[in-house]
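The same subunit A turns up in both complexes below, where it pairs with subunit B and then with subunit C.
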Partner chain A sequence: MNRVNIVGIIVLIAIAIASPIIAGSFFAPPPAFIGPEFLVQIVAWGLIIGCIYVLLASGLNLIFGVMKVVNFSHGEFMILGGYVSYWVSILVGLDPYLSIFVSMVVIGLVGVLTERVCFRRVLGTSKLNEIILSLGLIYVLQNAMAISWTDKPIQIRSPFEFVTVSFGVVRMGLDWLIVIGVTVLIMAGFYILIKRTEVGRAMRATSQNRSAAMLMGINVERMDMFSFGLGTALAATAGTLLAILAPITPQAGAIPALKAFTIIVLGGLGSTIGAVVGGLVYGLVENSTIVLLGATWKDAIAFAILILVLIIRPTGLFGEKEA
Partner chain B sequence: MNILSDLRKGLKTPKIYLPILLLLVCLLIPLFGISPYFIHVLAVTFFYISYSSSWNLLAYSGQASFGHAAFLGIGGYVTTIFTIQTSIPWLGLLLGALVSAFAGILVGLTCVRLREWFLALVTLGFSIIMVALTIELHWLTGGVYGLAVPSLLPSVNHYYYGMLALTVFLVFIIYLITKSKIGLAFVAIRENESEAKATGIDVTKYKLLAFTMSAFFAGLIGAFYAHFISYINYQIFHLDYSFWPIIISVIGGIATIEGPIIGSSLMFCIIEFLRVIRPLVETIDPVIKLNYPKIQVLLMGIILVVVVIKMPKGISPWLRKYLISISK
Partner chain C sequence: MLDIDSVGASYGNVQILWNVSLSVKKGEIVTVLGPNGAGKTTLVKTILGLLHASSGSIEFLGKRIDGLPTYRIVDMGIALVPEGREIFPRMTVHENLLLGAQSKEAKKTKDDSLERIFQIFPVLKERRKQLAQTLSGGEQQMLAIARGLMSKPKLLIMDEPSLGLAPILVQKIFKAMQEINEKGVTILLVEQNVHRALEIASRGYIIEAGKMVLAGEWDELLANEHVKKAYLGL
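Now for the complex of A and B:
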């Protein structure tokens, strides 16, 4: 990690802390009930939501790094993953946390298929085609899900639903801790796969220089397929965890995917660490915004920060110089 | 003026007669005593033609907005609030368009330096911020409940002709723009930005101009649409309103004049066809009966994906080739 990255991360954290406070002091007086316990709760819940964003953003980031494609339909894969886990846990009776792995495999295969059938055909034709293709996939997946499983919100029943753990003043659901644990585990596995294995090295090579990787004998098209599958599998994990924490509907995926893309723009396109830190910081920002400004601003704050950053730096916080 | 001579030349070829014929048919339709529902649907189709054309003008300069609903909604809200406060009719349309154009300049200033993904995200984000602003400024905009929009015209037929006039006017203006020197600059920027810069085109100026004009037209349409549907709330900024012009333009033919017309007509045909066969299909399976509107959207999504993969330039070049082959 070089110095620019460290400075960038500090800037991100500063934004995280400052933005809700500044915005809050402008728009509305902070609610009087904020005590230390409440503050800790906000931070805890922010980190948990941040975990979902970390998984989502990392998958999106991987796909972007290797294929240079922005998959706007990433959120739909996430929701699909949630539904797969839901049905596996209901029909087979598998523990929801174990059904994550089933869901990862299934959605990974769906992702591989999508890459092979759709994205490969338009890869390199024009950026706009790729964006519009993923837009079409949003509509296809959303409505296919809504037709199959109706619009009714579903939530995965966790076996630890009513178990709480208390740390001094703070009481947390056991599920919250497990969600954090699962995220850490999955991300660690992902990190090892990318940094320590042969496939990971080939993927990194493809993302750095496609033609040079091809010359070194790497099958870049297979890498595309693999990275897309891995990215969507991470999204499936995010979807399952989200469905455990809160109810999901077929339409719930579009906005989180856009926010995840905002996160990787801020954290640096293609930077693995940036996606993790960005995701956590964004979870905190969003959650404190909800408390300080009200739920209306929940979606808007991400884009407000994004627009501010892009006005100052058109290539993103850590983007390359060339535009 | 060379456009007039173009027109005169065009009159001698059969190319010009197709739009004139279409226009005549559209003018005569309400005289045949067709049901008000059908007139309403046709007026909505015209709305999509003009709205998609305004989006397409921006795409003509190589920039794809993913939050065009922001401009639509600004136009709608400004005209609504103005008409309610002052009860002066018609002036609100122009005011809405102007405010929308101003918003277009602001967004454009941010966007001209950005690459495709960032541009998509910033424009989309702007429309989402507009949702929050509308709900927050409830003393002005009615918050979540929205506002009832005062009526401009007495009947559906009047609105039909109004929408038709607006659409023809906008499509014609956009046609003139694309045929002018400005349009040439847009094409140059779209094809290769650095080469355009090298030939001395002020890229920033023209990109900003495209944004402003597109936002102006979208605001104008949004203002008239608000009067037409007589009710406005924050749903006007919904992602669907941003994405439909993209879907329509891409299916019809991105960065062409006829693209939005073909795309909207196709959408109209599909939705009407599905509505007609509905009683027949619904007997097959209760799932179909329950999810009929979703199946329509699913079908449009599949068509979009297939069009992007199989013919990235849309239906228009294919149709043109076909028309040429039958005219020979």
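Now for the complex of A and C:
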């Protein structure tokens, strides 16, 4: 990580927190209840939402990196993961947080199957085929979920629903802390898998130079399958955490997926750390906007920052020029 | 060891190779020479299965390899050092080298291979922890060759290893090639640098516009009128 990146991140975080406040002073009278503890609360909630984005964007980024496919149906895999956890926790009575692991395995396998049966057949034929395939999957998955479980919103009931923890002036739900903890755990595992294991090394090689990876004797199609499975498994984690924090419906994945695209552009396409920083920054921006300006502004401010990044640094914060 | 029999290959509707035949025996250094755009790289890609032959057959150690996926061909003992080096830029030299050892056998002996490679290219040992993109062009070429050797290949194919390198580095690379050959690795060298290539190769083929136009021992080729005129500027 070089200095430009660090300065860039600091500036971006400053913009992220300041812009809604500045914009707020133009459009609306500053809310009277802004105190230090309130600001901490905003940051905390921003980070929690950011965690969901980090998980979602990291998976999307992995799939894009290795396969060079933009999986538009990533949000639907996320929601499907939420539903799987919901049913596992209800039918088997498993703790919702433990059901994450069941959901990861199930959705990971669904992802592997999707790659094997759908994407492998169109990969390399034409970008348009890949795009239409993944767009088509959105509707297939959404409607399959609606048929199976109706459109009614569902929410996973956490056993810690009413437990709060206080840090000095700040009170937080225990669930919030667990969400952050689970994300850190899963992302640490993901990082070790990608950076320290042989499979991870082969996946990175495939993403950096596919034909050279083939020449090394790497079975790149298998890497496609692994990365799709791993990416969708991460989405399943995001979906479960989302369903614990808020109600979900079969259609609820579309907007978060759109944001995940924004985040990986923000962080730099293919950059692992970029997806993490991008996700957290995005969560902060979005949440401070909701609180200070009202929910109607959240996407406007967030996407305005995206446009700004694209103008100033088109490769994203951690992106590199094509070698 | 490698027998290519009247192979044709095309990109889409454009046929690049026409009835190309070539053979390499164990222990040899054989060179394929030809001008830009003659189809040398296409030939190499076809051998490795990156491109599928539209006609003819390719055999390695008596087994058909045309139609096999690339990783299976690499597993059988062919390694390619591609044109333009194609290293993994955002990985360390060490990681690049480890990626070269994919087969079970190569993985088992990887420490041993690393040691032998560092003997041939000591500079890679010094730069082990650096990102590959920070290496100079010559060092990247050495890394590409070293990475190819990590798979313990029986046949090492090199596509224009001298491209874009200073003469002193070219000399170094060619010396390394001879060393590698002496250690028992058969080499197929694809080159435009006719002089240098025929210095170390025992036999050569000349490919022009996708067809093999000439084949022979190194001294025959050097004495050939066409070669003299077109390649040596005599």
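Brief remarks on what is shown
The rule we apply is simple: the second predicted complex is superposed on the first by the 297 of 323 C-alpha atoms of A that agree within 3 Å, B and C clash if a C-alpha of one lies under 4 Å from a C-alpha of the other, contacts with A are read in each partner's own complex, and residues count from 1 in each chain.
FYI, a contact is a pair of C-beta atoms (placed from the backbone, for glycine too) under 8 Å apart; a residue touches a chain by one contact, two chains touch by 3 or more.
These numbers come from a predicted model, not from an experiment.
Annotation for subunit A, partner touching more residues between subunit B and subunit C: B.
When both complexes are overlaid on chain A, the residue A:V70 reaches subunit B alone and has no touch with subunit C. Looking at the shared chain after the overlay, A:A300 reaches subunit B, while subunit C stays out of its contact range. In the superposed model, A:Q208 makes contact with subunit C only, not with subunit B. With both structures placed on the common chain, the touch criterion links A:N219 to subunit C but leaves subunit B unconnected.
In the superposition on chain A, A:R171 makes contact with neither subunit B nor subunit C. Judged by the touch definition given at the top, the superposed model places A:A146 against subunit B, while subunit C stays out of reach. Shared contact residues of subunit A, touching subunit B in one structure and subunit C in the other: 323. Against subunit A, the residues of subunit B that register as touching in their complex are 59, 64, 66, 110, 113-118, 120-122, 124-126, 128-129, 131-133, 135-136, 239, 243, 246-247, 250, 254, 287, 290-291, 294-295, 297-298, 300-302, 304-305, 308-309, 312.
Partner subunit B is touched in their complex by these residues of subunit A: 70, 72, 118, 121-122, 125-129, 131-133, 135-140, 143-144, 146-147, 150, 254-255, 258, 261-262, 265, 296-297, 299-300, 302-304, 306-307, 310-311, 314-316, 323.
Residue ranges on subunit C touching subunit A, taken from their complex, read 48, 50, 69-71, 74-75, 79-80, 82, 86-91, 95, 98-100, 102-103, 133, 147, 151.
Taken together, the subunit A residues at the contact with subunit C in this complex read 201-202, 204-205, 208-209, 211-220, 320, 323.
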